[in-house]
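In what comes next, subunit A is part of two complexes: it sits with subunit B in the first one and with subunit C in the second one.
Moving on, here comes the complex of A and B:
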């Protein structure tokens, strides 16, 4: 998960996690809640369309992208102002239209642009890194019927890396949420 | 969908009980009477001061309603579903626009107290003003005012009546009709509000001009409108009305609009200022010069901080938009700052330094309370949400991702 998967994209061989399949969004949401309430953190749900409220049901934390991106935007504003101040007052002193060497008024558009540029770029890059992208393969791709979650399947997976994971008790928990089927996902 | 569970737990009543309605109406009528009594007293004491104070209040209340007209049309054009639970309240505020035409009458009566260009002998001595006489003359001013209000009233009636008719028959045709009128309506709204801002506010300094001024004023109107909505919805909520229908998700979306209009106003206000600063032409810079001296600079600074930095930084965070108490406070801050903004646009044309006057309060209270009475009286016997709208259920279970 997270940044590390970018640098170490290979998942250890063996069991990756347990996956359960459900017949619709309502049962999937109920299963997510049960798994969340049992204390599992390393979980993920898959559905052909966005399901409102599934983040809450899974207990996903709020994205960190915005909080980090705002630091980048402040950095952008600072760089822009310093650059214009330095070039205007020290680096390339030029009198243009009788204006002062440095003033906030004409500096704001460039400050605005650099603020937006850095926050937008950092948001996209952070989003990819925090999602563990880019990566070329994922153990889930080998799971049975997984390619159909883009069509008509609803699936929930609990990863082995979760501290609470135990093949028997986790399977029992999943069986209790009325899935259509469960399977062990292997990484190879 | 999972949403059905939430929907079945909805137990909001969609009609106000007569007692609550009458109580609020009486309070608003009382405020309006106080406002107009204060205005009458002020008028007898000082004509000039009355009309100037009233001008701020008139612009304030009219622009707030027009902000509603903008949002209502945008909501129809974008087919927005989240806004359905708050849309009836928007419609009632928009339906008060024809009453703003009545509020315009004192402005027409005070034309000589307000507008330098209405004094023919002075205009003739002034080269620039005598060139502008084709546009800035009393007949044109009144005719344009009537045309503006006719267009706005027509649009407001056309769109709000569709929603009320849909309550009865639930026909999607009403939604389509409202959307169809919204497209040309939005174009006309922007053009006419821009011209109205030129007429009513920019021509207070008749030598000065700024093509972006109409947007500057309208952006403030949208800002106050969405904050007014925030306050009205939360006041209803505090009294247990629509508390389950307008959820934190809807407040989050209203908060997004507050944030958007904050940024938009700042963008427009800064663009206007920067171009004038850069070109450095005396006939343009004078407008900011008088607002940078004699104590007015305090308001200039207050606008930079209070109209941009403070609300922008507070509203930026997702957490603050979902914090109802904070948003309630911010909405009042917005209403206060927008008054300061209009004060800053209007009053420096007449006074070398800020001279607050008790009439400022009544000049604001009278039009605002009058709009409030009209707004509230429309609640009687009508559902609090557009019960005929096909997207109502979708709106009730709306969630921000």
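Moving on, here comes the complex of A and C:
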């Protein structure tokens, strides 16, 4: 969980992990499956666009963004209704054509808009928090060719912090998945 | 991959014969798409851009001057008068808001329907939404007369107003709808930008441009294309799309409530919400076409904005244009069927009264002219599409003017009848908003990738199984590096 890793301590110096590069999304997925089946957990894949099916291939859980955001949408609706009810009935009684100070019908538009507003902003904030962004420094930025992932590169990383990580056997596993190249990523 | 302007002949000739069903033509590789889109932002600024920017910015300055004059003199500098108390200000407000709607429709609704063709136009369409909302917001804020009191529109506790807003008023619903729409659209657009800004950051770092790398680095929030991040990102993006879809429908419905909840004949109709939404989509798609064809021509993006896109958007224009035409007919039928003399008078007067010319322009631009899109070669022809998109923009502006001015200018008592003529301030402010809009749009083209790279590449990966498509390699040899 990368929650608030913006404030997290720096990654320790030394080897960060092993990285392999693949020539396309299909080979990357195959490699992810092989690594997942070998029991590695601290893995991550990098690609210029989200690849369909990569979550399963890496064994990632479903994103929590939606489940938490729905709580905020209820909050938005509640705030809107309370605001309109309190201001109309207690805060400032404004007589308009003998209409009731509070009723559901004229309250629907504002309730809807505030529900939308809070769900939208909470999904964005949750996405950033769960991803640990913004985070401007990361060992991977120093890896060879990593700056071309956004262009057309497909990478797979196994972190050293994975209990199964062993520089020789992990490298052998990665070499068996037909990568274009492999490299050791250092943190400094 | 030079972005030349020598591509002019190829877009003026009918494109029907070179129709290709795919969304990205020319079998580009991922790298070529990156290059083609990023070069616009990284390369030397084309002379046309400076010319366009100088013109737009001058027109924008005229708007600033007009608004300043209005601010210091009062709302009386507009042509609004006693029966026509709402005139060009609200017309232009609804016009600009409507234009914004196509951007959200393309980015959200077509995303939910898995319409992959949207990928190369959604970024520019969303930018259009934001800038159109900015143009629209000018009018209600300036119409208050004292824009420095704009916070009175929001439930902000303060000492000088000392009262709460009337939340039962459709004008308050409008405040919430427009501000929610503006801010959610901005966030949606920015979230879509993050991966592409990260691509620009990495390219700037390789090219050794530290200032650009720093700026794009800050705005891309340290994005590193991780699969774990993409999972949350995709969920967030799906949610925003799912939220924006009812939002965009609600916004123009609520705008129409400004009229529909009143007691003015010609406004007080239940058909307004769907009628306004259809009109908004109609006008918005026309504006997207106008902008995209100019962008495509000026930046040489024929491979990414293809006849398939024109065809699809023109089908939507045809469909929504017919919905709008049906709404015009329904209004007349209901006016007759209601047997209400005021209702009947307003609609007869609308088509045959002093504003008959506005009504005629509206019907010919909105209902009659889009009918040519039944014929496929017209749908895929660049020039026809461009001219039609201008027609629809004109027609939809007149629709709002007709609804607003023709319903108001003949009040219940003939002694209160009047006629609206815009003042020069009205005219110059409205022209000025186009300068404002184009200034923002040109800045966007210059500093932000105008095509959503990560989405286009996703669509390319999805069509990689088609014969003749290999986005990893492409047909032409990949030229090294991104240095230009």
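One rule holds in what follows: the second predicted complex is superposed on the first by the 180 of 188 C-alpha atoms of A that agree within 3 Å, B and C clash if a C-alpha of one lies under 4 Å from a C-alpha of the other, contacts with A are read in each partner's own complex, and residues count from 1 in each chain.
In this section, contacts are C-beta pairs under 8 Å (C-beta built on N, C-alpha and C of every residue); 3 or more make two chains touch, one makes a residue touch a chain.
As the structure is a computational prediction, the values presented were derived from the model and not from experiment.
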item	value
Clash or fit, subunit B versus subunit C on superposed subunit A	clash
Partner chain(s) touched by A:184 [first = subunit B, second = subunit C, both, neither]	neither
Contacts of A:53 with subunit B and subunit C, given as first, second, both or neither	first
Touch count on subunit A, higher of subunit B and subunit C	C
Partner chain in contact with A:141 - subunit B first, subunit C second, else both or neither	second
Touching partner for A:82 - first (subunit B), second (subunit C), both, neither	neither
Which of subunit B and subunit C A:25 touches, first, second, both or neither	both
Partner chain in contact with A:66 - subunit B first, subunit C second, else both or neither	both
Touching partner for A:106 - first (subunit B), second (subunit C), both, neither	both
Subunit A residues contacted in one complex by subunit B, in the other by subunit C	25, 50-52, 55, 62, 66, 99, 106, 109
List of subunit C residues in touch with subunit A within their complex	29-31, 34, 155, 163-170, 172-173, 176-177, 180, 183-184, 187-188, 191, 195-196, 198-199, 202-203, 205-206, 217-218, 221-236, 239-240, 243-244, 246-247, 250, 254, 257, 453-455, 457-458, 461-462, 472, 482
Residues of subunit B defined as touching subunit A within the complex	1-3, 270, 273-274, 277-278, 280, 316, 318, 397, 399, 401
Contact set on subunit A toward subunit C in their complex	2, 23-25, 32, 44-52, 54-55, 58, 60, 62-66, 69, 83-84, 87-88, 91-92, 94, 96, 99, 103, 106-107, 109-110, 112-114, 116-117, 119-121, 123-124, 126-128, 130-131, 133-138, 140-141, 146-152
Sites on subunit A touched by subunit B in the complex	25-26, 29, 50-53, 55, 62, 66, 70, 97-99, 105-106, 108-109
